[in-house]
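Below are two complexes that have subunit A in common, paired first with subunit B and then with subunit C.
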Partner chain A sequence: MRLLGLTLFDFKNLVRIKALWAYAFFLWAVGGVFLYLSGDETKVLLSLLSITLLIVPLVSVLFSITHLYDSANFIKLLLSQPVKRSEVLLGKFLALSVFLSFLFLLGVLPAVLRFRGEAFLLLVLSGFFLTFIYTALAFLIGVFFEEKARGVSVALILWLYTALIHDGFILSVIYLFGDYPLERVVIGLTLVNPVDLARLLVVLRTDVAALMGLSEAVFKEFFGSGFGSFLSALSLILWAIVPLLLALWRFRRKDL
Partner chain B sequence: MERPTLSLPLLSLPALALCAEIYVCERCEVKSINEAIKRAKAGDKVIVLGGTYREGTINVNKPISLIGKNYPTLDGEGKYEVVRITASGVLFSGFRVVNSGVSELEDIAGIKVVNARKCVIKDNVLKNNFWGIYLAKVRDCVLEGNVLEGRGEGSEVYTGNGIHLWHCSNVKILNNTIRRHRDGIYFEFVKKSHIEGNLSEENWRYGLHFMFSHDDTYVRNTFRRNGAGVAVMYTKRVLMKENRFEENWGGSSYGLLLKAISDSTIVNNVFYKNTTGILMDETQRTLIKHNDFVSNGWAIRVWANSADNTITENNFLGNTFEVSTNSKENPNTFVMNYWSSYRGYDLNRDGIGDIPHRPVKLFSYILENNPEAGVLVKSFFVELLNRIESVFPIVIPTKLQDPKPLMRRVRWRS
Partner chain C sequence: MEVLRVEDLRKSYRGLEVLKGVSFSLSEGEILAILGPNASGKTTLIKSILGHVIPDGGEIFVMGKSTKEGEGYRRYIGYMPQEPDFPENLSVGELLELLSSVRGQEPSRSRELIELFGLSPFLDKPFGRLSGGTKQKVSALLAFCFDPPLYILDEPTSGLDPVASVRFKSLLIRERERGKAVVLTSHIISEVQQVAKRVLFLLEGRVRINAGVEELLSESGEEELERAIIKLLGEER
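Moving on, here comes the complex of A and B:
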């Protein structure tokens, strides 16, 4: 019950932050523009996907980590009360990730309601996953680095790597080892990156998947199979749970 | 009782002296079509007035006309080849031909014509046959206005081709509709034939498939939503004009696959929403002019084994990738096309862009050589790479470019 109380308390604070509503408004406006410019379902979906894959991790990780640093004093104050450390951190995490997910949903809602496709539901789902994952990662970084500047830059580097550089790495591997059968390696490399997983989750449900050519069959077979879905779901869940647990573990032992 | 109407004798007046008419119906004197054929002499007309006939195979072995009124049904009962024509000069029209046999050893057809000349097969409806209309060693025939619907079940293994020609020449295939067969229209060793106004859609494999069929002409046909699009192979001097290749979408589906085609002409066609508009594999000296490529995954893919082709005055509109190749060289000519993604300028206002257009995106080049890179479709990194490449074209190793891109769409449609 105390956890719920802490979560709700944080929630109330978050609702009052106007910058966060701007995030929802931005997504909503972008989605609206896409809808206005093109009535084509696939085009709107893919444009929203591109935005989601870039913006959701960035906003989640950046906002969460600055919020964590900014409320450091308040956390210390809270901890002088008879509450557990893990509860305080978990409460903050839940409030942040749930509220950010809610804002994301709000932002993409017009497009989702307009088309109601399975692919749009997957888009929402992957947006939720990314929000939880990057909030958890922000907490991990925030707990490990005392200095705000350092923590924020690490968070930015992490975002840059997963959203951008990792794909470059995959491409280099493909380019360098093009003479070998690489399907399994490539699948392995995508499984370790939540952004790639979220992208494939949606893209494989659309017509664009045909652009993958022959490899489409391989990837569809893997990600469509029970084992493949299990592995990708597991990877996404681990990406959210493991950083969070590490953060909690570290926070409990930390000298504040 | 159904009687011949007044107009029938009138129509046949000029030929009255030459040929007799034999009527077949439930209450006529002749109740069986095979019996009527037996009675008929060369040049006679056998007129079938409605009804359903289960006579095994109808053997047309004389130069006669078989005419159905009110679409009499010829039923193969899932066992027989329904109609077999082995004589020249046969007219077969106005029938419903259904339920041919299915076999893994023989090509059982609804209508099979063997070793004949000058046949006319017109305005028939063929349903649920293994093969549809099958012509073997036939010359000077016309297939016109037939509607063929395949078994549409199982897979391409248990469905034959719609219109199948083997070793034929000078055949005209006009205004037929073919659905749910294996290949809509299939040619092997078919020369100097003319294919016009047909609709071939939703077939298991190819809408049109031909091999070793030189000097054929394809005009105003529509090939839509076929399993693998259209494939034409090992052929010289083909003319493809005013056809539509639409919505052939899938990992290994093509609007038009050119495999070992040479000295051919592809003009005034529309390629709309195909995974690949045209894939050129071993294609030589072919002219691709005045075509529209709209909303395809790739408009044109050219493999390194294709050379001396000319691609000119086409419109490339809103394709994900315009041209893709796996070659660093460019032995083909791309000139004076309109590219909707062209970002150049035209200072002297002569309608031709002042800087060349490079239609090969970096990612499509990589994808052509490394299919595994498909996993990065729609990745932000890849989009960024393409953007950088189009601004600083250093990385791209291909010489393929259009030195004279047009500023406005080509108006080839009159």
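Moving on, here comes the complex of A and C:
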């Protein structure tokens, strides 16, 4: 009950932050432009997916970590009450990740309602996963780094690497070691990046998987689209849970 | 009755000993001022009592309950931080509701305190639109409204205007008469002299003085607490 109370309290605060609604509006506007420019389901899906893979992690990690640092004094006030540390942190996590997921859903809703396909539902699901994962990662960074400037920098570097640089790294590996069988290496490299996993979750269920890149083609070939989707969803769940548990573990032992 | 007991409290940060075996106790109806220069261990001591800092050694008992037994003991504490910082978009009423639900207690004294600090016009306003002084009054309201047996007040009058400050000190004296125990830190020693019954002076993580205010004044032959402390410390050296 205390956890629910803390979550709802934070939720109320987040709902009233006007700047956050701009996130939903941005996604909604971009989705609208894609729908206007092309009525083709696959093109709209892939365009929205690219935006989702770039923007959702950025907004989630950056907003969550700044919100966490800015709440430090209030967290201390709450922890002067008969409340467990884990309840306070978990309440904040749930409020942030659920509200950011809700805003994401609002933003992509026009496209989802227009096409109503399985792939669009998977797009929504991958957006939810990314929101929970990058909020959890922000919390993990936030409880390990005392200084806000340092924590935010680490969060940005993490986003930059997972959203942009990691794919370049995979390509370099393929380019440099093209003469060797690389399937297992590529699968391993994909599993360590939540953005790639979220992409897989959506594209494996479409006809364009083979066109998207080597990791998608390898996954489809190795696991088939059904098991491949299951494996990527499972890995995404772990990506959200493990950093969150680590953050809770650290927070319970930390001097505030 | 003993409200707070600290036994041989020790804490180090990265090898630097901040508290080197601090012990004292506090009974009901007592106001204890924790004094000391910067880096003497005052903040770490208060944070340890609140459970914000995890001590390396020693034990703290609040109303006979060890703080090691979990967070339940904090229902006996009303805490007023040095810098009140609340979520900008929420109101005093909403925050009272939250604290009431997490403590499982009604804020039985809220009406009286809202009147005392003149907070009625601000109850529905978001915190982001309140002045620093008003936030400090809200902070006092939150600390006192659940009527706990122990108050921990960190520089409580720092943001208050003179009128509110006088009212706050009268409130403290009334609370003392009602049998409440108070731990207080303040930079203004004349203020401490007005309300505190006892002084705990920390220096480099150790208790150097733990004595009644009257006792300190008579022993030193001084009229001001500040001079009395300086004189006693000087004599020790």
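Going forward, the second predicted complex is superposed on the first by the 237 of 256 C-alpha atoms of A that agree within 3 Å, B and C clash if a C-alpha of one lies under 4 Å from a C-alpha of the other, contacts with A are read in each partner's own complex, and residues count from 1 in each chain.
Definition applied: a contact is a pair of C-beta atoms (placed from the backbone, for glycine too) under 8 Å apart; a residue touches a chain by one contact, two chains touch by 3 or more.
This structure is a prediction, so every number in the text was calculated from the model and none was measured.
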Clash or fit, subunit B versus subunit C on superposed subunit A: fit
Subunit C versus subunit B, contacts on subunit A by residue: B
Touching partner for A:L49 - first (subunit B), second (subunit C), both, neither: first
Touching partner for A:D167 - first (subunit B), second (subunit C), both, neither: first
Partner chain(s) touched by A:G5 [first = subunit B, second = subunit C, both, neither]: second
Touched partner set for A:L77, first subunit B, second subunit C, both or neither: second
Subunit B versus subunit C as contact partner of A:T190, first or second or both or neither: first
Partner chain(s) touched by A:L176 [first = subunit B, second = subunit C, both, neither]: neither
Smallest separation of CA atoms, subunit C relative to subunit B, angstrom: 37
Common ground on subunit A, meaning residues reached by subunit C in one complex and by subunit B in the other: none
Footprint of subunit C on subunit A - complex, ascending: 1-2, 5-6, 9-10, 12-13, 16-17, 71, 73-74, 76-85, 253, 255-256
Partner subunit A, residues of subunit B touching it in the complex: 249-253, 275, 297-298, 320-321, 366-367, 369-384
Parts of subunit C lying in touch with subunit A, wherever the complex brings them together: 13, 47, 50-54, 70-75, 77, 79, 81, 83-90, 94, 98-99, 101-104, 126, 142, 152
Residue numbers on subunit A that touch subunit B, as the complex places them: 46, 49-50, 53-54, 163-165, 167-168, 170-171, 174-175, 178, 182-183, 186-187, 190, 196, 199-200, 203, 207-217, 219
